[in-house]
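Here subunit A shows up in two complexes: once beside subunit B, once beside subunit C.
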Partner chain A sequence: MKVSLAGVQAVRGDWSLSAQGTFGEGIHLVSGDVGSGKSTLALLLSGLFPPASGTVEREGIISAMISFQFPEFHVTGPDLERECKAWGVDPGSVLAAAGLAGRETADPLDLSRGELKRLVLACVLARDHDLLILDEPFSSLDCTEKERLCAVLSGRMRGITVILTHEQAHFPRVDRIWEIQDGTLRDRGRLPSALGHWDHAPALVKDLIARGKVPANIAQADLLEAACRI
Partner chain B sequence: MITAENLWYRTLSIEELRIAPGITSVIGPNGCGKTTLLKLLAGIAVPESGTILVDGIPPRDAEIGWVNEFPDRNILFGSTFEEIASPLRFRHLPCTEIDDRVVRCMKAVGITHLGTRPMQELSGGEKVLVALAAALVFRPQVLVLDEYDSHLDARRAGEISRIIKRSGTPYVIHCTQDTETAACGDSVIFLEQGKAGCSGTPEDVFASLSRTAFYPLSWRCRA
Partner chain C sequence: MQDIRLRAGAAAFLSLAAFASVTGAVVVFIWWLVFSRPLQVIRKMRMVIPAIILVVFFGFVLELTGGGGVSYCVRMTVIILIGAWVYTGYRQGEFTRLGVWLLGKKTGFDFGMVAEMGLQSLELMVSDLSRIRQAQELKGTRRGIRSLVPAGSILIHGALRRADETAELMAIRGYHRGGSYCPVFETPVKDIVAGIAALCMGIIAFIPVSEFFILYH
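Showing the complex of A and B:
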């Protein structure tokens, strides 16, 4: 299964994004500055934004899901129970997974932003999608929840997961790193060799590499292992 | 000094809190009351009981700049320029002064290139930058930012941090999920279940959180 972008140009007014490459099975991390086009790429990959030129082709993908940066954009239900049902997922198990058990009658928009993000992510992750696109999934989550999400994503054994984020501290183990720079999607390759070419690498990763302690991956356990290496 | 005594509002209950001038980071688990505390500090909400004072006066009588974490909820006007100008227009300043201050503020925040672009065309991060400019343009006494860094890349967040420091705003209070950022401030307040679990210097507060995910990873790696 894969998503292939060939000669893709996305245009919004006088701004454009060029993208070329193949997203195969595994976890892909896409980083880039604010406004670089991460959300546009997420929409292109999900088929919600048509390219001005070029093609986005999916092979072997039956189910796809996207999680937007702002969780309120997903809300359609007047309470948490009906919000879960609108996603087609079981309210009991999903609300428990989101730490919101017992709040079935609460208005989703009355939740704190972190709680709403937890709810949306729990709904998104309740099913095993072939293509999972997560636009800034860590924003608004507290540190404990970020690590929990990383563990869940690291445990995805199949399918394509694309994480588009400027997060700097919490990551799952990823297979491939991409960056968007100067209006172009750039493939930095597989880990750990990609780390040396990763311009948006967190300061801690750059520091470890400068000290000759290249981490095997970018999960916190990998960074700690590298830091403690003699 | 910002002081809160016997503060009670919804699920937030704080017996005593003192915030000195400088940059204060509010951290804690989702739903612990960070945004509620910031709304009380900004005068957006009023305590059900107790007091909160900014240098002896209620927040609603002080000049407070507010940056919402959800940028779309900040937007009042269609264009970038008009959005930033709006606090000054509401204060009935002369048009020439408004234009001058907006241009200088946009330059200071690094968004001159946005010009008069429609707000709805901006990315989430760009909307935060416009909200920050709108909050700084009237030179507030207190700048309150509700997780502004959630939507900024590290480079831009660092730039904004420097802009905020350069602005000379006496009190900057922000909540963040980035403990590395919180570790760089002057003081930290850790909220837990609606209460101020601990507050003080980053060293003191994080020392009490060393066994949690809130402890900065860079501090762990330097150990």
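Showing the complex of A and C:
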């Protein structure tokens, strides 16, 4: 199971993004500044945005799903129960997972952005997709929810998960780090060796590496473990 | 046309001329072909084609039910093309300039700013609609009337929320009404030529054709 990008170039007006590489099974973290092209890469990987040149090839992927940064784009149901059904998931368990139990009749657009984000993520994660693309999944979530999401994502045992984010504090355990810099997608490699080349690394990670205490991964528990070695 | 005063004036005049009669619509269409860079307009605003198809459909229904469909089709198509020409030539800030020039620094500024915000909101709505359609596609929602209702609801909800947030931000920044903006316009010769041509086309549209052909009498 993999998604391969060969000489891909995406163009939007004067702006362009070049991408090359293979996303295999596991959790991939793509970091980059705001406006660097993370959302465009997400659309390219999902097949929703055709590249101007190059090819995006998917192998062994039957089901793919993308969660957009703005959760309201996903809404099709007039109430939470029908919204869950539109995703093909059980409303009872999903609403409970999103902390929205008992609000089945509420209009999704009346929820706060954070609540709606929780709902959409719960719907997306309730099914086992071969390719799961999460565009800024941590935006609009509080710290507790971010950590809860990290735990769920770290527990994903199969498929390809691509997380595109500029988040600097909360991460699941990831297998590979990518960065978008100067309009180009760069593969930083597998963890922990990727951490030394990760330009968008959070200050804490950079500090730990500078002290020679390289964390095994970037989840909070790994960073704490490395910090305790100081 | 770089000068928004001439562009807005020409657009208003040409739209009226096109709406008034089929002859008017034909002469305005000729003007559009000569002065608007038609290919560029259609390439920049692809929504023109579905809009025209919709007009043709309603024209067809009108022709079948009571007549007048062909005239409706021709006139509305030309008005859409003029609208597309105005929209594709838009550059940020020019409606504020036009508003201040027309109605002064208080009322004119407010009207101009509202027009600017409306246009920006329209651009955001177009990009939002594309994302909504992609999200619906992923959910397996079929395109059609049933998928348009939630999409429209999200777009309106989003536009209202943005308007609310912008209003609050402006109030926090101390905005009350009006501004101190002094507009500056550039009027190249080709704008003046296109403006005069629009005026001539309008006159031709409003004066009976037979008046031009003396020999006809």
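In this section, the second predicted complex is superposed on the first by the 229 of 230 C-alpha atoms of A that agree within 3 Å, B and C clash if a C-alpha of one lies under 4 Å from a C-alpha of the other, contacts with A are read in each partner's own complex, and residues count from 1 in each chain.
To be clear about the criterion, a residue touches a chain if its C-beta (ideal position, glycine included) is under 8 Å from a C-beta of that chain, and two chains touch if they have at least 3 such contacts.
As the structure is a prediction and not an experimental result, all values here were calculated from the model.
K.L.:
Sharing subunit A, do subunit B and subunit C clash or fit in the superposition?
P.N.:
Subunit B/subunit C on subunit A - steric clash.
K.L.:
For A:178 in the superposed arrangement: first (subunit B), second (subunit C), both or neither?
P.N.:
Neither subunit B nor subunit C is touched by A:178.
K.L.:
Give one of first, second, both or neither to describe whether A:70 is in contact with subunit B, with subunit C, with both, or with none.
P.N.:
The answer is both, since A:70 touches subunit B and subunit C.
K.L.:
Name the contact category of A:198: first (subunit B only), second (subunit C only), both, or neither.
P.N.:
In the superposition, A:198 touches no partner, neither subunit B nor subunit C.
K.L.:
After lining up the shared chain so the two structures overlap, which partner does A:115 touch, if you call subunit B first and subunit C second: first, second, both or neither?
P.N.:
Only subunit B; A:115 stays clear of subunit C.
K.L.:
Just to be sure I read the superposition right, which of the two partners does A:86 touch: subunit B = first, subunit C = second, or both, or neither?
P.N.:
Second partner only.
K.L.:
Check the residue A:144 against both partner chains and state whether it touches subunit B (first), subunit C (second), both, or neither.
P.N.:
First partner only, subunit B.
K.L.:
Between subunit B and subunit C, which one contacts more residues of subunit A in the superposed model?
P.N.:
Of subunit B and subunit C, B contacts more residues of subunit A.
K.L.:
Applying the stated clash rule to the superposed structures, which of 60-68, 186-194 or 204-212 from subunit B runs into subunit C?
P.N.:
For subunit B, the clashing option is 60-68.
K.L.:
Would you mind listing the overlap between the subunit B footprint and the subunit C footprint on subunit A?
P.N.:
Dual-contact residues (subunit A): 70, 72.
K.L.:
Touching subunit C in the complex: which residues of subunit A?
P.N.:
43, 46, 48, 64-66, 68, 70, 72-78, 86-88, 109
K.L.:
So in the complex, the part of subunit C that touches subunit A is made up of which residues?
P.N.:
It comes out as residues 128, 131-132, 134-141, 147, 150, 153-154, 157-158.
K.L.:
Using the touch definition from the top, list the residues of subunit A that touch subunit B in their complex.
P.N.:
Against subunit B, subunit A makes touches at 12-13, 31-35, 39, 69-70, 72, 111-115, 117-118, 136, 138-147, 166, 168-169, 200, 202-204, 208, 220, 223-224, 227.
K.L.:
In their complex, what parts of subunit B are in touch with subunit A?
P.N.:
28-31, 35, 69-70, 72, 121-126, 129, 147, 150-156, 177-180, 212-214, 217-218, 220-222
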